[in-house]
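Heads up, there are several structures right after this.
In what comes next, chain A is part of two complexes: it sits with chain B in the first one and with chain C in the second one.
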Partner chain A sequence: MSTATATPPARTSPPPPRDTRRPGRLRRSWDKHWYAWVMVAPVVIVLGVLIFYPLGRGILLSFTNLTEANQLAEICTKSITGSEVCKPNPSAWEVVGFDNYVDLLSGRVGEFWRQFGVTLLWTVSCVVFHYGIGLGLAVLLNRPLRGRGIYRVLLILPWAVPAFVSAFAWRFMFNEQFGVINTLFEAVGLDRAEWFADWRTALLTAVVTNIWVGVPFMMVTLLGGMQTIPSEQYEAAEIDGATPWQRFVNVTLPGLRPVSMTVLLLGTIWTFNMFPIIFLVTGGEPAGGTEILVTGAYRAAFEGIRNYSLASTYGVLILSILLVFSVLYRRALRKQGEVW
Partner chain B sequence: MTVTPMAAPAPKAPGAGPRGRSRRSPLASIGLHATLIGASLIAVFPIAWVVLSSFKPGQWVQSSELSLVKEPTLANYEYVLTQTNFPTWMLNSVIIAACTMLIGILMSATTGYALSRFNFPGRRHLLMVFLVTQMFPVAILIVPIYQIMAALGLINTHASLVIAYLTIAVPFCSWMLKGYFDSISTSLDEAASIDGAGPFATFWKVILPLARPGIAVTAFYSFLTAWGEVAYASAFIQTDDRFTLAYGMQQFVPQFNAQWEYLTAAAVLVTVPAALVFLYAQRHLVSGLTAGGTKG
Partner chain C sequence: MRRTARGIAVLASAAIALAVAACGNDATEAPQKTDPAALSAELTWWDTSDPANEGPAYKQLIADFNKTYPNVKINYQSVPFGEAQNKFKTAAAAKSGAPDILRAEVAWVPEFASLGYLYNLDGSELLADESDFFATPMSSNKFDGKTYGVPQVTDSLALMYNKKIFADAGITEAPKTWADVKTAAATIKAKTKKDGLFINAGGYFLLPFIYGEGGDLVDAAGKKIVVNSEANVAGIKVAADLVKSGAAVKPPASDSYGTMMTLFKEQKVAMIINGPWEVNNVRNAPAFGGIENLGVAAVPAGSAKAGAPVGGHNYVLWSGMPQEKAAAAIAFVKFMSSAQSQAFLADKLGVLPTRQSAYQIDSVKNNAIIAAFQPVVASAVARPWIPEGGQFFGPLDTMATEVLIQGKDPKGSLDAVANKYKTEVVKDYAAS
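For the complex of A and B:
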């Protein structure tokens, strides 16, 4: 995500490749850029230790059969005299190659494909509504309008609520016995719905919650993007006799492109990995029917006999899916001439 | 409440100046306001409903009768604050989130500056890495980090959560601060360097003070991230007195015999302070986010 727009005061032309003068290229590069490297060093070190080292371990774990039950290399028992006797664990974990992947992808263990399908449904519906509603509200708020400030604050409110509180609030409202949504349904003559009895309605509750949680972010970012579009473009379009809809399609949308592309990519990634909403609103009910990949992985790792290796396998697969998606996304943008 | 479809009022030129209002037909005006009022109601209703419910006695919270407030009482708040571990959880959350915020900002401020100002070899890669870390599902890091924490004996400590949250906060803070530094004119850097200041002095004496709003907003955002995190908190913390709010509040709504009245009161207590600061900070937050997102 980097173009060269970023104002480098000390711009470095890339060193000519054939340059054999003493101090070596690395040395000269260091002399020139050492302060920049020193400045980024803490973060690079932290990223390395806290993210890439665990990542490497996670990938390695996915090739073992490590679980809570077989994680000890030795089993120690206290003898009567108080001394400890340790024997190698006969069923200790071992490297099993691609077994986890085969098990998971063939459906022998867990419900990967079902969860993958739910995740796709979840991600697509959330992102489409986030973007659509966010864009609609941003367009409305971007015009001269009485009470604009008040609307803006009210519409941003859901963003100010921590996600786990929102999740609890919506689960409370969707409660089958006394939830206000069922009460309102009844008041207008509809049947009470058993939201968590069917995976489709249960997923719907989570999607509604997540839409409510995520729209303000989209709205505000798109609003920010709209305000950077020069008004001359609108004036020119107006002089050319463009209808409001034409102005929206030909001026607003292209002007929003850079912001849209970023928020759509980030929004997709965030939603794909959105843990708390599913975990707290549906809890995977009914019977794992609304589990997405991330919560499935969490359950593998921390519920029942903790299957650490299987959870890591999930993690590697999720990351691969997102990486492939991002690469394709970027490529599609490039094809349309977006330099990004 | 009338909710008109989103597209009802034809989109008119944004930023078209005050002419826009006079030219809008009354019907379009009504549609516009109706849509916004409807959307605002939807945005506010869940919050209002939780607040209202928190003042009701238990039997009215869990009743299918529709009532705004019935026999208002502060008993739920009193119970949550005196009879449960809620204050301890709150303190835990504050400590953990504050540590995450401080360490995260300290580390990412210089990085954001370097990314914004210097075109050093590796810059593009680092920006790429920040983006890629956004893709890391909790699932891939949580087990290895859990095992490392277990090996270090840090399970069930605040430190384990702070370390885990840094993996989320550091890339994001660096990214956002870079965006904020981008919005500060480079002519200031040039002036400082003409005055003989090195890059570190320029950063420390000239740019950092100017970036204070951006730092504050990023700090707040990382605070909120740690404040609301659920997965790590659920996995790493085992005893009641060490829970964070996000995990502790699940105690109020077990599978059976959920105590929604206490949950609503706790929700209000958790949200009000965070929301006040958030609303104060959000303007800067957005400009930092969009700047960071659109400029490479």
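For the complex of A and C:
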């Protein structure tokens, strides 16, 4: 009460001494850390322009029926003789609410559920093989052996080759008429396989390609992780009489956990959205059977008359799926006591 | 020898170009073109032809054009055919970066025109002698009663066959119907151990089977989807049966087209269904035995008729081009689509002229391959020239894979195509 009565005169009087009225928290923070804000500003602006603006726009678009054909409110036709006629577009775009989502999820438009199933199968098989093979190779390389450097270089090679080059190389190897794999099959007395005639074998060709492309990353990361495990732990285990398998299960795997969890999450997200391998190796053949969600979105966006709204709907759904997955994954980790 | 021949060709086309430019067609336009040198502009042209095989011939034509119009600079840019459509649409929508002149595939023109990306050419000099162009390729330039381009080359599908394999099998005449093809393939297999036929597993390449039974994809005038009609089912069954019976090689789902061309060029398959754009490729294939070994005949007939779809390219002008450049652009397109230029390209590349008058020029008249293709093109079936025309082929390709490779029932696959057309392509059309 007394402060309230004391305040009004204070306003007219000369500014109070500094220590009686300290500036606000934000102000203090700015005074002290202004350079930090200035430093982050470009990043915030770039993120805003490059990520949040398109993201927001994409979400808005998914509630419209915007396509390339109806984006203009009026279409003008110029004549080479000089005149110009403008007519209102009879089918200009409009807000359609959840129609796109209903169309897509009910299967009326596109093949969302088939693509979703293929995406899951593709992601799980790729990540399992990436991790398994990467771990195996890392274990092999994580001990003194002659020519280790050469092996490492050779094993990292697939990673150095641009993905599209690998994709074309593998597609050619799986070529039904001229590919080296069918030639090998014939040499050992097997029939030529029609790799791309069935979606399962077609998906297999893409999975094999992606494994080849992705294993080096897993291997290098896990190898790095292994080298951080203190050798004392292995010595102690050895003194306790642990077999190599026991050492692997009880020392190596727990020691790798922080690294593994991160690369598995990254690997899952990357593979889920791995566009070039599917697009270049199988091209969605046969008859769209190996299309995954991102290639489906691409076809909506860039084939024929571009359907921006449908592609956005795909994008929002893909993002939602990955968000849900990441949240669940984090929660599962936290439950296991992982600080993340 | 070759050099002199080329020299003469260049001289001849230059002389003709001069003659064309000098005399003009109408007296009314004469004052406008008294002095070609007065025309000055810089134009960008996107050429979507193959840069290695076809590009040099177009560059040569540009050089000839500049002999008459020294102050019109043509920026020749080779844009891969597969990318050009999207690239053009992106640039045109952004109103910057699109070329003044584009070589557009026939199905693109109505699409671009419907989006307002092209100049309408009505009333310009380019259409003054419109009746000289073949009606079917010309029709692809029309949209909504206006004309947006002039035909550059035309093509269609034909039965291309290996004369040597035919001779080895004792076949003296190209098959006229699909039933004949089946018999011929059996004979070829029995006598030469080679495969008879390869059908590319793509929707476009199945159109002869559909037209052969009198079918079509949609009835654009009646706004009706007819792709799953009984005639079409019967036609696709014929194709499926050719593969199933072994008369045709079972195509792979991946790179079916490339496989077809490789097998044909290596003389492992006797017949393919393909167009004149591959003539140069076959001619240059070392294993094929030269152009003399290539036979060309009309696509075999079904129970109704023999029909193949019309394809090709048109010259169009981007509506974002400043009006001041119009005169120069018209002069350029007029030169490039003149009968003499078309005859020059026919000579060099084996592509088919779109002007009737070009076929009166001796070099075209005496070209055996062009003579063989001419009736094919004359009877080619026009596709529905609507903006959605290009989108018909995605679902059809799926159908082709399902039927020819996976052995699915044609009726079910065609019903799925009709459903796709209704839900995604031509939503306002009636389903059959």
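By definition in this document, the second predicted complex is superposed on the first by the 309 of 340 C-alpha atoms of A that agree within 3 Å, B and C clash if a C-alpha of one lies under 4 Å from a C-alpha of the other, contacts with A are read in each partner's own complex, and residues count from 1 in each chain.
To be clear about the criterion, contacts are C-beta pairs under 8 Å (C-beta built on N, C-alpha and C of every residue); 3 or more make two chains touch, one makes a residue touch a chain.
All figures in this text were calculated on a predicted structure; none of them were measured in a lab.
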Greater residue coverage of chain A in the superposed arrangement, chain B or chain C: B
Which superposed partner A:L72 touches (first chain B, second chain C, both, neither): second
Chain B versus chain C as contact partner of A:D198, first or second or both or neither: second
Which of chain B and chain C A:Q177 touches, first, second, both or neither: both
Partner chain in contact with A:L105 - chain B first, chain C second, else both or neither: neither
First (chain B), second (chain C), both or neither touched by A:T81: second
Partner chain(s) touched by A:P286 [first = chain B, second = chain C, both, neither]: second
First, second, both or neither for A:P258, with chain B first and chain C second: first
Partner chain(s) touched by A:F302 [first = chain B, second = chain C, both, neither]: both
Overlapping contact positions on chain A, where the chain C interface meets the chain B interface: 171, 175, 177-178, 302
Of all residues in chain A, those that touch chain B in their complex: 1-12, 29, 33, 35-37, 39-40, 42-44, 46-47, 50-51, 53-55, 57-58, 61, 132-133, 136-137, 139-147, 151, 153-166, 168-173, 175, 177-178, 180, 182-184, 186-187, 212, 215-216, 220-221, 223-227, 229, 231, 234-235, 237-238, 243-245, 247-248, 251-252, 258-259, 262-263, 266, 269-270, 272-273, 275-276, 279-280, 293-294, 297-298, 301-302, 308, 311-312, 314-316, 318-319, 322-323, 326, 340
Chain A residues within the chain C interface of the complex: 68-69, 71-72, 75-82, 103, 108-109, 171, 174-178, 194-198, 202, 282-283, 285-288, 299, 302-306
Complex contacts: residues of chain B adjacent to chain A: 6-7, 9-18, 20-21, 32-33, 35-36, 39-40, 42-44, 46-47, 49-50, 53, 61-66, 107-108, 110-111, 113-124, 126-129, 131-148, 163, 166-167, 170-171, 174, 182, 186, 189-190, 193, 198-200, 203, 224, 227-231, 234-235, 245-246, 249-250, 253, 260, 263-264, 267, 270-271, 274-275, 278-279, 282, 286-287, 289-290, 293-296
Residue ranges of chain C in contact with chain A within the complex: 86, 89, 93, 111, 113-116, 119-124, 126, 146, 250, 252-255, 259, 262-263, 317, 319, 323, 326, 330, 387-388, 390-391, 394, 397-399, 401-402, 405-406, 423-425
